[in-house]
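I've put the structures underneath this note.
There are two complexes below, and they share subunit A, which is joined by subunit B in the first and by subunit C in the second.
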Partner chain A sequence: MLYKDKRPLIFFLVPALIVLGTFLYYPFVKNIINSFYEINGLAALDGGKFAGLQNYKNMINDPFIRLALKNNLLMMGFSVVFQVGIALILALMVDSISRGAQFFRTVYFFPVVISATAIGLMFNLFYAYNGGLFNQILTRLGFDPVLWLSDKLGIYMVSLPVIWQYVGFYFVIILTGLNGIPEEIFEYAVLDGVTGIKKIWYISLPLIWDVIKVCMTLAITGALKVFDLPWVLAPNGAPKGLTHFLGTYMYFKTFISQSAGYGAAISVFIVILGLIVSFTVNKLFKRDTIVY
Partner chain B sequence: MDNTAISFEKQVRRTKITGIAAKICIYIVLILWSLTTVYTLFWVVNNSFKDKTVILTDSFSLALQPVLDNYINAFGRLNIGRAYLNSFIISGTTIIFVMVLAGLAAYAMTRYKFRLRNTLYLLFAGSLLFPAFSTIVPIFKMVYDMNLVSHPLGVIIPQTAGNLSFAIIVLMGFMSNLPLELEEAAFMEGCNVFNIFFKIILPISRPAFATVAIFTFIWSYNDLFLQMVILRRRETYPICTLLNEITSQFGTDFGLMAAAVTIVILPVLLVYLFLQKNIVKGLTAGAVKG
Partner chain C sequence: MKRILAVLILLAMTITMFAACSKATPADDTKSPDSSAPSESPANEKVVLRTVSMFGGTDPSAADYQQLIKDFTNANPHITINDESATSDETWKARVTTDFSSGNDPDVVFFFTGADAKQLIDANKVVSLEEIRKEYPDYAKNISEAAMGFMQEFDGKHYAVPVRGFYEGLFCNTDLFEKYNVELPTDWEKFETAIKKFKEAGIVPIAVSFSDVPHYWIEHLILAEGGYEDHKLNPKDTYPESWAKGLSYFKTLKDMGAFPVDVNAIKNDIITNMFYDKQAAMILDGSWIVGGIKDPQTTTVLPVPPTPNGKKDPTDIIGGFSAGFYISRKAWDDPAKRDAAVKFVQHMTSNEAISMFAKVAGAPAADVPAPGGLTPVMEAGIKLGGQAKHIDMPIDSRLNKEAWTYLVSMIGSIADGQATPENVLTEVINKNK
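For the complex of A and B:
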């Protein structure tokens, strides 16, 4: 009876809906529309010329799109193998120790809350040719300094901090999953003679498979959204646009070379790619969920 | 997540890592990985207290005679104090907007049954998948038309919209677990819906609001993309935007860079150490938001 009268709904819901509608849903739809227009310069946002699928056709022939896409795919691979992989190993290890678990959790998670900008600046200090941390270590050990952000190494060096930053994030998710496995299961396992690595392989991993799947989906879709760190470390895809990702290239096209319509098409492409990829991951890693 | 404390005790029995050698190996690996955070941060902070020429040749020694020049430079030449203030204004206001709007909406979504309820929920959840790239240009256009370019509100409103869906979903999760009895009793006593919301629901939901406030702070404070697009005048730059500019301008001044990084990380570190539990919980619960 208390909630029978629906009139207060207006007071409760309308403010949030106005903000979301105006600054989230409307721009999202408008952006899709923009992607079918040729818009040169942000000042001309109203007066674009209808271009049909031209922006999308141009994307197919743009070598930088291919490069950026390749970099994003590379980043996805790294994210799954290293981010989730390292996180899983660390989580299994922390789950098996009795002292210091809380300390490791605090330390591993901390990079997640630091801004990508600060981490980018920090890695700039590490990568600097003259007197950067990495080259100082190399010179101390008697090696020649290395040009870290070179044509060849650049993309790996830009990926490294992105990967490093989020290991702690997946670590915490996986550790929480491991902690949720009921004690009895392990006790029965020990009675059955299952111990050590076998215990991990036959019990822990199958039971947290869902959690790992979530992590992989997040890592892969996250890899599509990278922007801040590459932008700070290697502005405009330096060197020579080789470290562009779809996100940074979209920013570059829209706000620097002023092709807003083309930029819109790139961002629609990012959304579609994200949907396809998360759908595929979920299909690919589908396995019966074990309920316990 | 709630049972982690108990689980950590459980591990003692669970593990049975036999062999001291295996145990030592595990600790070595764990400590090595923690050094990637602890040592790198230490390296930066330590060097921020050295002269910029010293860092280039000798960055490993302890800064036993700390030099404050870099910090004086950061606050003087770069005016980082002003950027702090801008960040505080933007993030603070965004947090308030998000909490108010999300609180009201979440209450309606959990307590009222109405026809569009499920559709709305899908809209909220779906919007978590929108990357910032896919809304930025129309947002810029609107902000421009409203004359809010280089104005804090030009960042605050879109940031509020960007964090709102997630906040609503977190608050809904909390509120739907609150027992109805209290509200019914209050209704019998003659309270109306608004009294109930402000006097009962809000105070009880404080922990959930804390989580929302923390992650909104972290996302808002750390955001670079939107701020870079909207804020065009240097006096209006918050910390992250200013830092991004420093890189291109003073990138070779290692001392200044190290001091700048320290200054940006400090507030986040303090918030993190005090509110660690809520943060880890909030951010992993909101795993979908990017």
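For the complex of A and C:
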């Protein structure tokens, strides 16, 4: 080791601890305290009126909370099936080609680097009923225009760009995992007559299971935090609050309705839900790691 | 040697961090001025004022406001203005109040009065005129009594200094009315006829977004049904029947096809452009949109007509003075900034400035000569205010934030018949207590 005396290291750790404590742990604890208060208005610096568990009781009776929770669970399902699923298929295909892999890697990863705000605005223009890109294509082809952000389609249309944006992220992770498999294993497999789908099913997938597990965990927990793109694409949960996620609804209640106490209670709920989901996912995907 | 180096790096990091953290607000390290001490800062002392206003983006006064800032800094070279102006919407309002709540108080802010200002007043974040006038007796003396009357807050005091009044009205693209041989909606029957004819012609009759800004229709349908007396209420225990009846017209109008197909999801800026670009015949909005109208020669503005059994006088409108310049407590308590902030507001609310603000949209807050070179739509707007029997402030200046945002969020469901106005208003009353 560089130093025998470890004491100076403490001094290097302390500043980071102070920053984290000030900007993460203190607001977190303060938020939990606020969730037990009725705070109306963001400038209510006196801390509001103590309300006990009232904010949490209100959450049980709030139909938008149930709706937002349902939308988040839906988004988790979409994330696993479509984000990780499509990323896996693309990665397997790109891994099997010998030329142009770098091109596809760049193309599929590109949406990840575009800001969610830009994507939200772009899809907003795609979905516009009058003159939107999708409806222009439909009308040119002789079809009637579609109300994309309708009561029924709204949540799927809002989920679409969220899924689309992050496919590339998981694609790159899985592709890196695939690239890490020693070439000899595939050579032995070919000698044993294992090719095509069998090669993927019996060799590639088991060997990158750890990577897929990480991707699914990230996708599921990420689906809980979804906020920016839906907020830009469909502000205030448009239409009629039907596309609210827990994050957007928390923002709506805190900053638009200015019920800061209630918003704090929703954020505590999001944290608890996040912990439960993370714990469950880790338990669910627990499997022996294959070392090669 | 390495240990010494490590300790030195550590010291540098710690000093940097504490230096950054200790750059607290100037008010923290300066005492409140003694009332007996002269309040004026030395003329050569550099002062930086952070100002926030809604004269940004598409606001018709945005360019004039920037010119006024330029004139002010030219006349007061020791004062630097860091202006953060943006178009006003719910998010902008939330940002301003968040700034105040997080200690990032602007020095001068042009903000709304009424329910929006209450939390700032409750938290002692802004200074009253009565307090300012103890040291600056001429502060806002040029503002008319009528305009200042709108500025009175729940505690009887005045905090904001207005510059221009506003009106809300039904803006109509008169060229479309002529083209399709439709009469202007001067009564409800003509209003319904116009909706039917434009619908048949493939023109969106009324440009509005329920997901973004259905505010004006909420107020006007309640006014059209209940009249001035019912509209001006701030219901705490029970709601007037006329409110429910007024809101029920959302469904009536939607069933007639009065609104865009994607009314529940479209954004307000797209809607406004739809009206500007003649894709929609009518839009209910405020005087601030006048500046953006591309063809002011073929645009006019009318009061929303009373409903068939409505108690509204046909001339009644929603309008008044709903915003003004505030000086924050933080700037007032800072001896270096107090005088600069007062000077800035006095500059922005001078008769010359008020003339500039009023010429594009709304009524002047002081007795200034009528502006010249008005377009037909501007003239119609002035006429609207002049002929009104009653002018009332919008409902959201009275309802609390939670009750109002709930009402706004439920308009789409009322229009689609998925929620009844009665149930929604019952919940509004519960939230407005």
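Please note the rule applied: the second predicted complex is superposed on the first by the 274 of 292 C-alpha atoms of A that agree within 3 Å, B and C clash if a C-alpha of one lies under 4 Å from a C-alpha of the other, contacts with A are read in each partner's own complex, and residues count from 1 in each chain.
In the analysis below, contacts are C-beta pairs under 8 Å (C-beta built on N, C-alpha and C of every residue); 3 or more make two chains touch, one makes a residue touch a chain.
Computed from a predicted structure; not experimentally measured.
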Clash or fit (per the criteria above) of subunit B with subunit C on subunit A: clash
Touching partner for A:Ala264 - first (subunit B), second (subunit C), both, neither: first
Which of subunit B and subunit C A:Gly120 touches, first, second, both or neither: first
Subunit A residues touched by each partner, larger count belonging to subunit B or subunit C: B
Touched partner set for A:Ser98, first subunit B, second subunit C, both or neither: first
Partner chain(s) touched by A:Gly85 [first = subunit B, second = subunit C, both, neither]: neither
Touching partner for A:Gly77 - first (subunit B), second (subunit C), both, neither: neither
Which of subunit B and subunit C A:Tyr129 touches, first, second, both or neither: second
Partner chain(s) touched by A:Asn34 [first = subunit B, second = subunit C, both, neither]: first
Touching partner for A:Ala238 - first (subunit B), second (subunit C), both, neither: second
Contacts on subunit A seen with subunit B and repeated with subunit C across the two complexes: 2-3, 5, 8, 11-12, 15, 19, 42, 45, 124, 128, 130, 235, 255
Subunit B to subunit A touching residues, read off their complex: 1, 3-4, 7-8, 10-18, 23, 26-27, 29-30, 33-34, 36-38, 40, 43-44, 47, 55-57, 59-60, 97, 100-102, 104-105, 107-109, 111-114, 120, 123-124, 127, 129-142, 144, 157-158, 160-162, 164-165, 168, 183-184, 187, 193-194, 196-197, 218, 221-222, 224-225, 229, 239-240, 243-244, 246-248, 251-252, 254, 257-258, 260-261, 264-265, 268-269, 271-272, 276, 279-280, 283-284, 287-288, 290
Complex interface listing, subunit A residues touching subunit C: 2-3, 5, 8, 11-12, 15, 18-19, 40-46, 124, 127-130, 147, 149-151, 154, 234-241, 252, 255-259
Residue ranges of subunit C touching subunit A (in the complex, touch as defined): 2-3, 6-7, 10, 13-14, 17, 90-91, 94, 97-98, 100-101, 118-120, 122-123, 125, 204, 210-212, 260-262, 264-267, 270, 274, 279, 400-402, 405-406, 409, 412-413, 416, 418
Residues of subunit A that touch subunit B when the two form their complex: 1-3, 5-6, 8-9, 11-13, 15-17, 19-20, 22-28, 30-31, 34, 42, 45, 86, 89-90, 93-98, 100-118, 120-122, 124-126, 128, 130-131, 133, 136, 164, 167, 169, 172-173, 176, 179-180, 183, 186, 190, 195-196, 214, 218, 221-222, 224-225, 227-228, 231-232, 235, 246-247, 250-251, 254-255, 260, 263-264, 266-268, 270-271, 274-275
